[in-house]
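Per-chain numbering from 1; labels A, B, C and D assigned in written order.
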Amino acid sequence: MELTMLWYLVPSVIMFICGVYGFITRHNLIAILLSLELMLNAADLNFVVFNRFLFPGAMEGMFFTLFSIGIAAAETAIAVAIVVNIYRAIGNTDINEIKKMRF
Amino acid sequence: MEMTLPILILAIPITMFLILGIGGVYMSKKMAGVLGILGMGVTMCIAYYVALTYFFSGDPAFIDAQGLRLQVPVFDWLWLAFTNALQVKLGFLLDPISAMMLIVITTISFMVHLYSWGYMEGEKGFQRFYAFLSLFSFSMLGLVVATNIFQMYIFWELVGVSSYLLIGFYYKLPSAVSASKKAFIVTRFADLGFLIGILILSFYCKTFDFIPITNDPTSVLASTGGATFMGASVLTWALVLIFVGGMGKSAMMPLHIWLPDAMEGPTPVSALIHAATMVVAGVYLVARMFPLYLIEEASLLFVTCVGAITAFYAAVVACCQIDIKRVLAFSTISQIAFMMVALGVARPELHDGFGYMASMFHLFTHAMFKALLFLGAGALIHAVHSNDYTAMGGLRKYMPITHWTFLIGCLAIAGIWPFSGFFSKDEMLAAMFANHWFWGAWMTMVAGLTAFYMFRLYYLIFWWEENPHYKEHKPHDAPWQMSLPLIILAAVSCVAGFIPFGEFVTWNRMPYHIHIELPVAATSLTVAILAIALATVMYRKKNPIPSRLKAAMPGLWQAAHRRFYWDEIYMFITHKIIFNIICKSIAWFDRHVIDATMDGFAKITQKTSFAIRGMQSGSIQTYIVWYFLGAVLLAGITWICIF
Amino acid sequence: MFSNFLIWFVIVPVLMLIGLGLCRNSSMKAIRTVMVVGSTILLAMSLWLCVDFLAQRAAGAADEMLFTGSWMWYEPLNIHLAVGVDGISVLMLILSSVIVFAGTFASWKIDPLPKNFFLWFTLLSTGVFGFFISIDMFTMFMFYEVALIPMYLLIGVWGTGRKEYSAMKLTLMLMGGSAFLMLGLFGIYWHSSADPNSLTWNILEISNNAAIDPGWQNYLFCLTFVGFGVLGAMFPFHTWSPDGHACAPTAVSMLHAGVLMKLGGYGCFRIAIFLLPQAANELAWFFIILTGISIVYGAFSACVQTDLKYINAYSSVSHCGMVLFAILMLNTTAMTGAILQMLSHGLMTALFFALIGMIYGRTHTRDIRQMGGLMKIMPYLGVCYMIAGFASLGLPGLSGFVAEMTIFFGSFEHADTFHRVFVIAATCSIVITAVYILRVVGKLLLGPVQDEHHLKLTDATWFERVATITLIVCIAAIGCFPNWINETIQHSFTPIIEVINQAANSGAMASVM
Amino acid sequence: MDQVGNIILYFVTALVIIVFSVMTVTSRKILRSATYLLFVLLATAVMYFQLGYQFLGAVQIAVYAGGIMVLFVFAILLTHRPNQDEQALTSHKRVLGITCSALGAILLLFALFTMPVCEGTTLCQALTDNNVDMNAIGTALLGTDKFQYLLPFEAVSVLLLACIIGGVVVARKR
């Protein structure tokens, strides 16, 4: 039994799908953000895996992931700030309660 | 002849119109009146000079060696060129009928100008009245001197408008407003026929000018190449349509309905426009185109029939009117119809087409005595302040001048020797008998009716029974400005019959010697005298015969009094059918179908966007579902396509 | 570039725009000064252009267009700013400047935001002038759009009644027309030359090149004719006109009915007929039916309206229908009539709308049932209204008569039954016109005074008199001395008639073979 | 590292990832969700180590597990009252979520299992002589040649700066 690329991609797919499920179903804004992190992480993993198995000599996948992590950090920081702000404004973080800016 | 004088005939009235129309508000009434009368007086003098020079100078420019009077286009300026061939010119055509009309129009117009000074005194808009009179005189003069049919159409429209303005002179009265509107629209409708007739005629002739058309009618016929439309030749159609224009202006059946209502205008206007000049424009038009009508006998027959029916109808209706101006209006219709019939029966082979001459002669004499009658009626109205004979009666003692002049007018129109109407009517009847006995007999009957209703009117106004109101308000004769025209016109009516008219105006412009046709003259005179006698019996003194007669035939009387319901029929067609059904449904269609379709496009767009607006819910979870499903779908499709 | 006289017709309005921009919002005096000076200059320029044009023609200048000039604007698509005028454009320029002049005086006391009003108004006139001087289809189209867009704001902000709805409707319908038009123009461009490297937007060059493929011509003709026809209020695309006019402020109604609707007719014949003659010959029948319907339909609709502006708008539908109808007759006389009718309708409708605006400004109603006897109260306006009415119903001596008669006589040159029937139907409109004009005149001006409050109203002020007299003088001038205009126009048709005849002959040849 | 050890390590990390991913999105206590996510992130870091990207693994732990998770926990604590659980899922939402994820999973897994490239190289082959050393990373991160990333690096740093300012501005009390 050899560890091929397939083995690493399967958990990544599941992680991603879980992220999708969570994104669609959760009510809490922070929970949605968590799901988002899951998806992002799955994608990062894929980059790394592809880099390792398909282009072992190059480092692009790794760097992409590296930057992706950096940007994820930035994004999370802003998102969290917004969530906190929303909470302050309406006292809730339920996505269904935030309708003011629709339409 | 020099060009300047004929130009002045047209230029003075239009200048007067502009001066009085624009500057009228800044001048006193007296000044406006003097200016108007002076202008018209000068015009009349020039017109007399021009016409008399034309008839009597013997200048080879006007009459050739054989005695043929020539058609002289004194000037002819290009106004508008449709194509190289079809050119509209404004000119001045001098020939027997236009010279005759110059005299008639300027005379009556001057009389009316003078008369109005007295009649309109104290009216608001006195200046405006004189301005419009000048405009009318200009248009009418332009009409009769037209060198081409399009110029005639131009002035034809202008007289229509001046008539509209003058009928609606008392514009605060709703009845005057609606009467003026009616007059304009009915004549406009007729003008549509005229216009289409001109379109057809000019399409084949390639010219508007009267001289080539009337001097060489056979080539016009040839140019149509025998084209026909619905069984009649196109030339017949053109002529009939042109005649329809004439029917409108001359108030022939069934387009007569505007004329009685036009009596809402001031009485001098009725005398000038709706008795003497404008309403004979139709006759003049047919006379102008006469050589062309001659080659299409069907169109002449049409003219005759329309004339004969109208003459009888109007005479019957005139017997049952209360308003004296309406009686005179119907009598005008009847007399013009007389002229039409006379034109219609004229043929070159019958005594050199003297029906034409008779018709023009009657036009001339009728203009004089009808203007007289109307002006007399104006004096009566001025005196008793009412249009109805019920407010009059026994006036002969109070208004002797009016009485005598009115009597002369009545005798003239009834055709009693030696008054002018006798001569012209005799000629017309002779022409009708010469064509067919039926026309002669029919029109003799109409002549009898004419005598009857005119004397009915005369007796009811001046005899019958003295109206009790005179005690409070004693009627008296009119001031000199009004009486003078009456006297002059009465004098003319007495002597005009002795003018040797045939020497001047005939259809082929060759002199023709009038001779009284004794049998016809005797018949018509007898009929007229009998009718007058009947009227004398019935109306000289107050007696119950008329009311008994009325009671005996209530339906007939009512029908005749209501003018055989023509107005109601027209009201029904125009108001109920055209206005309510056609116009309203078109307007409805426009708003609710066409516009609604356009709005519908907008609504559909809006509805669609509203419907798909829900997808832009702002709910990020919904977005991701759609996004994800879409991505899956795309990937799946790609997958399937690849493998 | 600036040595070309025509380009100043665009530069002067632009200078006016700048001048207005510099005025303070509240200073009516400065705004009026700019407008009056600018529009007077424009009027003087257009008159001078006419004189100069006639002088050059008399001196034997035989080119199709005079005062031509062309400057590259966008090379990859070969778009030029190309200008040039023939007799028709010269008259249209005069018409536009007269109406801009009169419109300035008619909106002397516009309220609110006078500065912004005149800014948009001037922008609109910039578009109009630019359209009439252009001979490059692209710049023509651009100026056309420049003229359309300000309409929306002018109606939406300064209008009355359901102004938002009307402004939206008018703009959308005209934009829809422009969409067709744009497709048509692009199509003409792509087929403008056999050589794909020398495609051109220039009208003169296109007409000199080999004819466009007949199959394409039919499509392009429909597109361009409908596109311009919408602006010319062709049935069934006329419904923006009643609502739009009814809600527009006075000067905008004047400019719109007076000039903007003329862009439609002008474009129809300058582009649709001139560049696509074969299709014009083939498809004229269809559009004759539509325009024939317009004429009668508009007149009948006008008979039952009670709002003064609606009456006029429907009457415009009828009269503008006459313009397109005459253009489709494809002969010199009728087309001359069409141009005369454009001038005549432009002037008299502008007069009408100016007067309606003035009356509305006093009585605050446009419903004829609530007014009456105004002749007594405001004789000057009453007389002017009557003159406008008489011009509209075709009284000789005023412009309408000349135009209509030229159209009828020109149209009657076609001897077949189809044309005859439609010409006779069109002539019927003169009666219907008389009916609705007299109905309005009777109800509005004559008769007893309906409303006691109206007795206190005043007659025209001096600036209103300036506006109306300008228009009346022009109407009477055309009506009394039509022939010089006729001659100015007629020569301009020679090239158009030539291409049409060629197309007709080649069409006949094709059908024979 | 021998093969068996690799396989065992793989299965452990894979299992952790799968189980805790599912628990992250299903747990109704938000703080627990965050904790489960932390485990997933850590397992991912292990996977990076296993694939020979030690630096990346370290960054993953330091930034993700260390930084971001702390942020999350702060945010949760700031926005949550005690014992406030997320409400139960509506069936509509669950069905929607399950459908979407099932469809996605089927498609992706189907793709994976039919792609021959996935079965190509083994981990051992891939790892041979291909360790990424810090020197190379440092050079690549601060160079301006091809395949060198100074510009993105600086861009990210600016982004982070902006983010700091933005975070302060957004969350500032007014």
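The rule is short, and it goes like this: a contact is a pair of C-beta atoms (placed from the backbone, for glycine too) under 8 Å apart; a residue touches a chain by one contact, two chains touch by 3 or more.
Just so you know, these numbers come straight off a predicted model, no measurement behind them.
Looking at A-D and B-C side by side, the one with more C-beta contacts is A-D.
Of all chains displayed, C has the C-alpha centre closest to the centre of the whole protein C-alpha set. Each chain gets a centre from the mean of its Cα atoms; for chain A and chain C, those two points are 63 Å apart. Rounded to whole angstrom, the centroid-to-centroid distance between chain C and chain D, based on C-alpha atoms, equals 69 Å.
Centres computed as Cα averages put chain A at a distance of 7 Å from chain D. One simple way to say how far apart two chains are is to compare their mean CA positions; for chain B and chain C this gives 37 Å.
Within chain B, the positions touching two or more other chains are listed as 625, 628. Annotation for chain A: residues touching 2 or more other chains are 20, 24-25.
Across the assembly, chain D contributes 96, 100, 104 as residues in contact with two or more other chains. Which chains touch which is summed up as A-B, A-D, B-C, B-D.
Taken together, the chain B residues at the contact with chain C in this complex read 78-83, 86, 150, 154-155, 157-158, 161, 164, 168, 171-174, 177-178, 180-181, 184-185, 188-189, 191-192, 195-196, 199-200, 202-203, 579, 582-584, 586-587, 590, 594-595, 597-599, 602. By the touch criterion given at the top, residues 3, 6-7, 10, 13-14, 17-18, 21-22, 24-25, 30, 33-34, 37, 40-41, 44, 47-48, 51-53, 55-56, 59-60, 63-64, 67-68, 71-72, 74-76, 78-79, 86-87, 89, 93-94, 96-98, 100-101, 104-105, 108-109, 112-113, 117-124, 126-127, 130, 132, 136-137, 140-141, 147, 149, 152-153, 156, 159-160, 162-164, 166-168, 170-171, 173 of chain D touch chain A in their complex. Of all residues in chain A, only 20, 23-25, 32, 95, 99, 101-103 touch chain B in the complex they form. Against chain B, in their complex, chain D makes its touches with residues 96, 100, 103-104, 107, 110-111. Chain C meets chain B in the complex at residues 169, 172-173, 235-240, 243, 297, 300-301, 303-305, 332-333, 373, 375-376, 390, 393-397, 401-402, 405-406, 408-410, 412-413, 415, 423-424, 427-428, 430-431, 434-435, 438-439, 442, 445-448, 482-483, 486-487.
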